[in-house]
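Quick one: structure below, then a few questions.
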Amino acid sequence: MKSILWAALALFCLAGTAGAQTPPTAEVLHWWTAGGEAKALRVIADRFQAEGGRWIDNPVAGGGGDAARTVAKTRLVGGKPPTMMQWHLGLSLKQLAEEGLLGDVDEVAKEGGWDAALPALIADNARYKGHYVAIPVGIHGENWLWTNPKVLADAGVSVPKTWAEFDAAAAKLKAAGVIPLALGGQGWQQVIVFNAVVLGTQGPGFYRKALVDLDAKALGGPEMVAVFEQLARIKGFIDPGATNRDWNEATQLVIKGRAAMQLMGDWTKGEFAAAGLQPEKDYGCDASPGAGQAYLVAADALAVPKLSDPAQRRGQLLMAKIAMDPKVQRDFSLAKGSVPARRDVPADGFDACSLKAMEKVRNSPDILPALGSSMGVGAAEAGAITDAVAQFFASSMSPTQGARTLRDAIDAIR
Amino acid sequence: MSALSVQDIGKRFGATPVLSGVSLDVAEGEFMVLLGPSGCGKSTLLNIVAGLEEPDAGRIVIGGRDVTRVEPRDRDIAMVFQSYALYPTMSVRRNMGFGLRMRGTSRGETEALVQEAARLLQIEPLLDRRPSQLSGGQRQRVAIGRAIVRKPAVFLFDEPLSNLDAKLRAETRAELRDLHRRLAATMLYVTHDQVEAMTLATRIAVMNRGVIEQVGPPQEIYDRPASLFVAGFTGSPPMNLISGEIVAREGQAIFQPDGGGPALPLPEACRPGKIILGIRPEDVSDPLSLPEISRWIPHILPLRMEATGADTHVTFAWGEARITGRFKPAVTEKNVVPVALDLAKLSLFDPATGLRI
Amino acid sequence: MRLHRRDHWAALLVLVPTVAVAGLFLFGFALWSGWISLTSSTLLPRYDFVGWLQYQRLFAMARWLTAYRNLLVFGVLFIGFSLGLGLLLAILLDRKIRGEGILRTIYLYPMAVSFVVTGTAWRWILDPSLGLQETARGLGWASFSFDWLSDPDRSLYTLVIAGVWQSAGLAMALFLAGLRGIDGEIVKAARIDGAPVWKIYAFILIPLLKPAFATAGILLSVTVIRSFDLVVVLTGGGPGFSSDLPSRFMVEMAFRRDQLGLGAASAMVILATFIAVITPFLYAGRQRAR
């Protein structure tokens, strides 16, 4: 709260002295406060200041970004927007644009050739009616299978490439006395498994129809029942202590060898790194079973509020240039564990897992929005799907009932 | 057989002795008052009789039955408390009937007994009220009603009048006396107020520092206090206490107060030595109001006068002692001399033991 | 006594800031939430009137119905057990047992801990693969089973256990203070009247604790409404949303799922429920003088 006051005060002073001499100024509202995230943002901030900009840091921690988003919304609606604000690409960004609250950085985007540099999905979601209303800084992927190679080897199995292989491997692991799949029984973690199953068993086309377009036929069809059949099998491969377990506690199970595999996003790497483990040596990072080159992503971005102060406007433009600079994108992603949004960033310095991800981002035709990313469906719809999946995991309903619950939940929200 | 017998009761709170070797017999139908200053142990003794506290030594016998280890409910007693201790959430009717109901008396019989007691105390119109809706005097009556409704062998009163104003206290005192007569019940009554004790008691037990100093009818306590403490605690103003020495002179015992002053001829023979002489203020007065045969007129001078309306208290200097006399209200500085002492009413105390000689 | 006119104005003047702040932040924002609940607001507030639509949607959602039913079940059990256990502890301490000071501190201690800590600790205790169950099995009791945390039909009761553990001490402190405030002669009178100990408590002392019951009831009701953090850390509303509570539902809808109108509607239902529950307690509290 205090920091907001200071920022507001700072802005007030700036407004008074605004003139030709005022340096480009950026008050940045964000919730990148934890270790790697904070370091990543520092990369941008340092460069911004090095180029003569004036950086006003305004972190709002709490609630996994809830607090920051609420502050941001309040200030946008109240007519006192920050210069830049952390936001996810996707529908809620477009909603802000629709309300006329966002400006654009088209001049920088055109000059920098953003359209060509960004994957189509990312570019589409950073634009509203053809204008760039946000600066994409990094891409996170969700459908990763993390494995403990020693545990797999002890049970005589290799990393499963399909869900059928997964079932077979899991059964062997279970017989060997380890937890086949480490899972936290929280809706958002369960839905990551669900997404991976939809993608891996029915393919990218079906995923798009069902979980991006919310096609009624796809949601209610036999394919969805098959998805829930696979989920039902997975329920047999998790342990009873999963309830409300945090994702990193699940990762710890894999690290300690009590569990063999975990389906989770690329941020899991940080947990392995903190334990001093090396990718592709001490732990495996592979695409989720059956996904192939398809990659479910969410994007970090800085949204561009509409404002009138010329110093801040110059700040926005300078920021757009810096944040999309290949070198900055590279350093940012190295610190944060994501991969650059740009496809033309040199790959040196990235680890094995990130290289796999960058390969997909550059060449895969199937860069798809993760369900929770807001690039496919809105938060309300994603929430309804999450509830339905969580309900299936918590109950003993049949796959048919599970599929029906999902369809009903979507119908109720429409 | 006495209705209540307290036998050699001892009680300590931690290392502090509160009662030591207290014995007391209360006869059937007697109104016994335990009189003493606060902290003398009288309430503790009452609680021990009630069974609310356990004695460290001694026995309590009620109606010939040793009840020392018996629960309060089985002692056949009732108690009236200083704060009245009415149950705030119950009506007057339920308050009075509670003890009966707890003993398994039927609803109908309880109601009849409550009605009877309420009639006796004239509180029938109050039966359906809550204690909070009653005045202090009314609460007091209800508390008494709750006690008499059970017709116990012994009534215990713990300073029941001290929360009332002076006028109400006098009225209630009269009613209590009346009630005692009508019920012919055995009562043990604790107070620090000597007026209550004098007016109510058939006998008074004066307590001090955990022991009973004197037991006797009120007049005897007043006229012949057994100790300096009793002498000083009773009467208003209290008994004059003058230290001095007894000397034999010409075959007669003479009292010589310390610091000089007229020597007093004692009516009876006495062993010479240090002594404390006690005399009530009413026995120090105008010579005409005292019996001629026993009066003695010393030459002492008044120091100050204090008019109370009913009479006037005059303080004289007698040697280094001060002695207060009680005069008719019309008295003036001029006609307080000569003053007379009634030698028939003297009390003599041993200064070493504080006991009456 | 009549106040002097000038004093009267001075008193009013002193009260104005408090009343204004309370008025704006409590009633003002409550009214605003009520208004939002009648609009189609999603990510941002939108001031179009859509009638009871959000309420209809709300009561058509399985998750809300579960959360709301949980609120009632949790509220009744939590308040009931907290009051009951608190009263029992207070009575035991009131019997002047040895070491009262230490025991009182121990019972009150959980109150000093936030629900986040309580919830986390109980999650580990109740985790079937770490806590009680595993310990009992480790000690050789192989058939011992206590997996309420992962049982959708029972997970709600784990919230009750943790909540009562935390709050019973508060009830105890209030009841103990109440018992200590009662004139000791009343107990003596009842003993002489022949009432056994349990009847003294049942008929005389506990009825006298009505104000303490009212206070404890209000405080515990507030705890029920704001037990958001306990749910989040202990069960996360799970398994599924079997142990969800309306406060969590509200935060989820209004701030995570961009459904401000729906969230506001749920907030209004919570408020209405709270008022309905707390009114009898307030009424009981006002009667204390009688």
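Observations on the structure shown:
The letters A, B and C name the chains in turn, as written, and every chain counts its residues from 1.
The rule we apply is simple: a residue touches a chain if its C-beta (ideal position, glycine included) is under 8 Å from a C-beta of that chain, and two chains touch if they have at least 3 such contacts.
Note that this is a predicted model, so its numbers are computed, not measured.
Summarising the inter-chain layout, the chain whose CA centre lies farthest from the centre of chain B is A. Counting C-beta pairs in contact, the pair that comes out ahead of the other among B-C and A-C is A-C.
Centres computed as Cα averages put chain A at a distance of 91 Å from chain B.
With centres set at the average Cα position, the gap from chain B to chain C is 57 Å. Separating the CA-averaged centres of chain A and chain C is a span of 37 Å. Touching chain A in their complex are the following residues of chain C: 42-45, 57, 60-63, 123, 127-130, 147, 149-150, 152, 155, 233-236, 238-242, 251-253, 255-259. Chain A makes touch with chain C in their complex at residues 63, 66, 69-70, 73, 76-77, 92, 95-96, 99, 185-187, 239-244, 378-380, 382-383, 387, 390-395, 412.
Those residues of chain B that touch chain C in the shared complex are 47, 50-52, 71-74, 77-79, 81-90, 98-99, 102-103, 130, 132, 146. Interface residues of chain C facing chain B in the complex, by the touch rule stated above, are 183, 185-186, 188-195, 199, 203-204, 207-208, 289-290.
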